[in-house]
Amino acid sequence: MFSVIIPILVSVALFLPTLMDGVERKIKARIQSRIGPPILQSWFDIFKLMSKEFYIPVNSLHTVTLLLMYLALQPFVLIYLITSVIHPLTDYDLAITISIYIIIQALFISIPFTIPNPFSIIGASREIMLVIVNELFLIISISLYILYSGLTSFTQTRIVSFTLHTILILLVLFINSYVSSGRLPFDIAEAEPELASGLMIELSGPLLGLLILCLHLKRFFVKLLPVILLTKLFIENNIILLMVSIIVTIIVWILYSVLSAILARSRVDLAPITLLKIYILLVILSVISYVLGI
Amino acid sequence: MNSSNKTNILEKYREIAESYKGSFSYIKDTVLITVDKNALRDIAETIYWKMDCYHRTCVGVDETPLNGYLALYHIFGDDKNGLNIIVKTITELKNPVIPSIRDIVPAADWCELEAHDLLGIVFENRDLYRLVLPPYWPRDIYPLRKNIPYNYRPEVVYSSERISESTETAVVPIGPYHPALHEPEYFELFVEGEKIVDVKYRGFHVHRGIEKLGESRTTYQQINFLAERICGICGFVHAVCYSQAVEKAANIHVPERARFIRSIALEIERLHSHLLWIGVAAHILGYDTGFMHSWRIRESIMLIAELLTGSRKTYGINLIGGVRRDIDENKIKKVLETLDYVEKDFKKLIDIITSVPEITRRIKDTGVLPKEDARKLSVVGPVARASGLDRDIRRDLPYAAYEYVDFNVPVYDSGDNLARFKVRVDEVFESISIIRQLLSNLPKGPVLNNEFEIPEYKIGVSLVEAPRGEDVHFVITGRGKPYRWRVRAPTYNNIPALKVMLQGCTLADAPLTIASIDPCFSCTDRIVIIDEKGFRRSILLNPFNRKCDLK
Amino acid sequence: MKKLDFLKILVIATETGRVTRKYPYEPPLVSNEFRGKIEIDEKKCIGCGACVIACPPNALELKIEKNILILKYFVGRCIFCWRCVDVCPVKAIRGTSDFELATDNISDLNEAVIHDRNECIECRGNYSTVKQKQYVIEKSPITENYVSKCPDCRRNGFINSIQRRKGGVYAE
Amino acid sequence: MLSKFLKKSIWVFHLNTGSCNACDIEILDVLTPYFDAERFGVKLVASPRHADAILLTGPVTYESLPKVIKAIEAVPRPRVLIVMGSCGVGGGIWHDTYNTIGGIDGLKKILDERGVKVDYIYYVPGCPVRPEAIIYAIGLIKGLVEKKATAKIKKAES
């Protein structure tokens, strides 16, 4: 049965993110009182980029190498997550998923440093600022989640208890996923009016298309992960859990798009500090309530 | 201002002129003082600092066909007394040297360079470099000299300007094509980390040779349409300013109804321009929804502009002696309805935009222009008013129909981006009120005076308060076309102030600060981020210590 | 609560709804006042060139080729000011509100009105246009003989008649 | 003709070569609620490397010329050039002044000399081009509307 369901869910997970990007654009357009693009527009964009001239920037062997590694690993982590929810691959799938994700992030940030364009370097250094804060608390909150629930793999049948400290840590994880998805006010690395789309500035054609596709997958992955950890509170059956999670992810995606449409961009000196304050507060509250047993 | 007071002031200027052995004359609101070039620095200091005048611009004129000399007109503005003070000096064509007044009047920096580029006037005691013309333009050809045809195109070897790439300095070109600018301009920002320490500007990508064209191919009435295409946002300002300059020089009567219609069109232009700016500012701050809604509201202004003038922009209704299109009752009704709707919707939108947390945090205390610097650089318009300089040409030297309306001039003292934002927001409401007053008092009568003759070699200086500040047109009349036509757009005076505003700001605030002067580069005529300490390193250093320095 | 005012944008968005005009599937927001492309009525045009002199960007040009005169209109350079509409003595130029001018071939943007030029009864050279001559004859009481000569021959005739002490324009 | 995918998604880079701003503002206006070019898959991008089409406004001044060529070179093929406004199409009111090269006509020659290929060129007259005119041009590229402009040679009847 797994041999049928896993491929289906994996292909859904690969197709859905770009579609959801189209939905997001449509929602944004509605808030801005206009019609907006067709829902499949983001897919059209990617097909179009694939049909363009294949262009590699001069002296950019490093860029292409790193980029191709990123392009391979980003779908992999998503597939790994989905597979391991249905069928355990190891006993420590949760930790492994997070580790791969962090490696991918590091890989992703290193790409723009190899491009001799100042905008991409500024974009990358801004992204580092944000990622340091964000990933640090991703690790902290996941560790706390494992500590509270004792889960190291998604397939373990222990029902996580619905307690205040778990909820607080899930809140941290959701904020974390919002920031990782690069939405306003945290899209300082791509800040179009300032940096001319930052780290993607020199890429074009098929490479850009694949990168955009992978960024959509990343957005999906960062939302799916906390959603799975949340649904784990209520659902025991793995397949149902995953299906529900995907549906909840779609809802979360819609909520996030509404939120990003009504906010403005933050500044590189403001965003990490604000985040840091919120994270520290929530984590401390969560630990206190855990100690108190609430 | 009463007449005895005016006589006193004029007497004072006569004394100044005489004390520097110059000649003095005046017509209406324009005082013309001719002095020897050696006395220029002293008289400039007296007028700019002792008489507390602003510097409007300087104009180089090739008068060789008339008297064999090159002339330089410095135009000062005594806004408090509603006077334009023109100081004229001449120099020989063979050795065209004139003392520079840049150290005394910092505002005269650019116009001196422009006179150097286009007329070959050499200014003493200052560095001269290319400002207006491209760097590959031949050295000894000065396009505004009368012996160079307007359509002269040199055989140029064009090459891109490349800033040397070394391991120590990295170059970030913000511009000439940058998404925040929408116009080809180039700034060089020297940064430490994300903090800006110095700024260099390379503009004039839009130099199209308008002034030369106005002196050669086109006729008096055609220049109205040419002037309108100086700038697509505030084009009507230029058309009105040009025709007013000619009307002043030739003493042409303009029917009252025409003056009202000009004022209405000018205010509609201000409305669309400010709504546009608020939208663009929101876009730069990443608030695209605010941008979209601001432009949605602006669209109804564009519709009434089309209704009244026949075109959404570059209205094309202005002629010397009046306007081409009349307004009827139906149109007035439509305009008033639209204004009610715009006022209501805009008020709601502004409350929302100013409550977005990131916007409030990012526009306050960024890009500060202190009052002293504003005075030194003679900045104009909303930039001046946000830095505590109370100047508005509509009130100080009324033109068109502004003497018949009541309005407030918003002035704020903090000089930051927030103040400039507030000035523009207030001005939107003022403009709506001005249009209402003008429409309800619209006098009857003709709109165009066709019967006039334009005498030769008369000087006219005209000022119009554009959405970006005062616009100055200087005309010397000629046969069938102006002998010399000089345009000083508002942004011309405001760009040098950017240097002050950007120093100490973060890179992230730079686009907003540049946009906060509402730059209109096509009127006026690139950003490279260079980090002398190698920014790969310095950007990674001091991550949390990047607050905007407030001096 | 003032801090959460920014959420009200959703209220505005709901109130306004979608304002998009579905052009080209819906008529555009163009008013009758809009100044678009001009149309030259070849039946009325007399080829006098008043519009050419008034045109600020030289979108209208006159070209003389032997026995024809071509009034060229290049839409690509037109600034749509309608000065030509104002100055045309025979109201041959009509303004329209047409703005749908995009094309993939620049030669689509050219228009031309071809006029026959007059033949001078004396030197057989060409001058002015046939229709301008008709217009002048209709509007002013000048003899046909006079207007049938080219300006050069007229001048020469005038000088000759003065020399022969006959004087006057009508004498021959 | 443009490929099927290109027609569905046209990313444009806005290149101002010395225009008066009116066309540039109208280009922005096309993206705003009343016109909403995004419904045709049009997106304004910040880098010419991402673009499919260049929206060229202005008469091309000498100062901007080298940068214009560089920007056009940076666009991956197939390249589309959409020339907007009277200045771009015919040089406009400054078609013969000293600091411009007279719009697309002069630019095409220089591009040919340098060997920079442009696959499709569209011309959109207007001063300024109204947003609807830009939408019409997009419609023309996508094949949604019929081309109306045709060269006319009329004979004046005596």
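So that you can tell them apart, the chains are marked A, B, C and D in the order they are listed, and the count of residues begins at 1 in each.
We take it that a residue touches a chain if its C-beta (ideal position, glycine included) is under 8 Å from a C-beta of that chain, and two chains touch if they have at least 3 such contacts.
Just so we're clear, the structure is a prediction, and the values are computed from it rather than from any experiment.
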Looking at C-D and A-D, which pair shares more C-beta contacts?
-> C-D
Starting from the Cα centroid of chain B, hunt down the chain whose centroid lies farthest away.
-> A
Averaging only over C-alpha atoms, locate the centres of chain B and chain D and give their separation in whole Å.
-> 28
Take the average of all CA coordinates in chain A, do the same for chain D, and state the distance between these two points in whole angstrom.
-> 38
Give, as an integer number of Å, the spacing between the C-alpha centres of chain C and chain A.
-> 62
Check each residue of chain D and list the ones that touch at least two other chains.
-> 32-34, 36, 39, 46, 92-93, 96, 127, 130
Touching two or more other chains, which residues of chain C qualify?
-> 6, 9, 13, 16, 18-20, 29-30, 34, 56, 79-80
Mind pulling the chain A residues that touch 2 or more other chains?
-> 31-35, 192, 196, 262-263
Considering only which chains touch which, label the overall pattern as line, ring, star, complete or other.
-> complete
Flag every residue of chain C that touches chain D in the complex, lowest number first.
-> 18-21, 23-24, 28-30, 34, 40, 42-43, 45-47, 56-59, 74-80, 98-116, 129-131, 134
Under the touch definition given earlier, write down the residues of chain D that touch chain C in their complex.
-> 33-36, 39, 86, 89-93, 95-96, 104, 120-127, 130, 132-133, 135-137, 139-140, 144-145, 147-158
For the chain A and chain D complex, residues of the former touching the latter = 25, 29, 32-38, 41, 44-45, 47-48, 50-53, 55, 192, 196-197, 200-205, 208
Within their complex, chain B touches chain C through residues 218, 221-222, 225-226, 229, 289-290, 293, 296, 303, 306-311, 314, 316, 324, 348-349, 351-352, 355-357
In the complex of these two chains, what residues of chain B are touching chain D?
-> 133-134, 136-137, 143, 148, 150-154, 156, 158-161, 176-179, 182-184, 204-210, 212-213, 217, 225-226, 229-233, 235, 276, 291-293, 295-296, 299, 302, 312-314, 520, 522
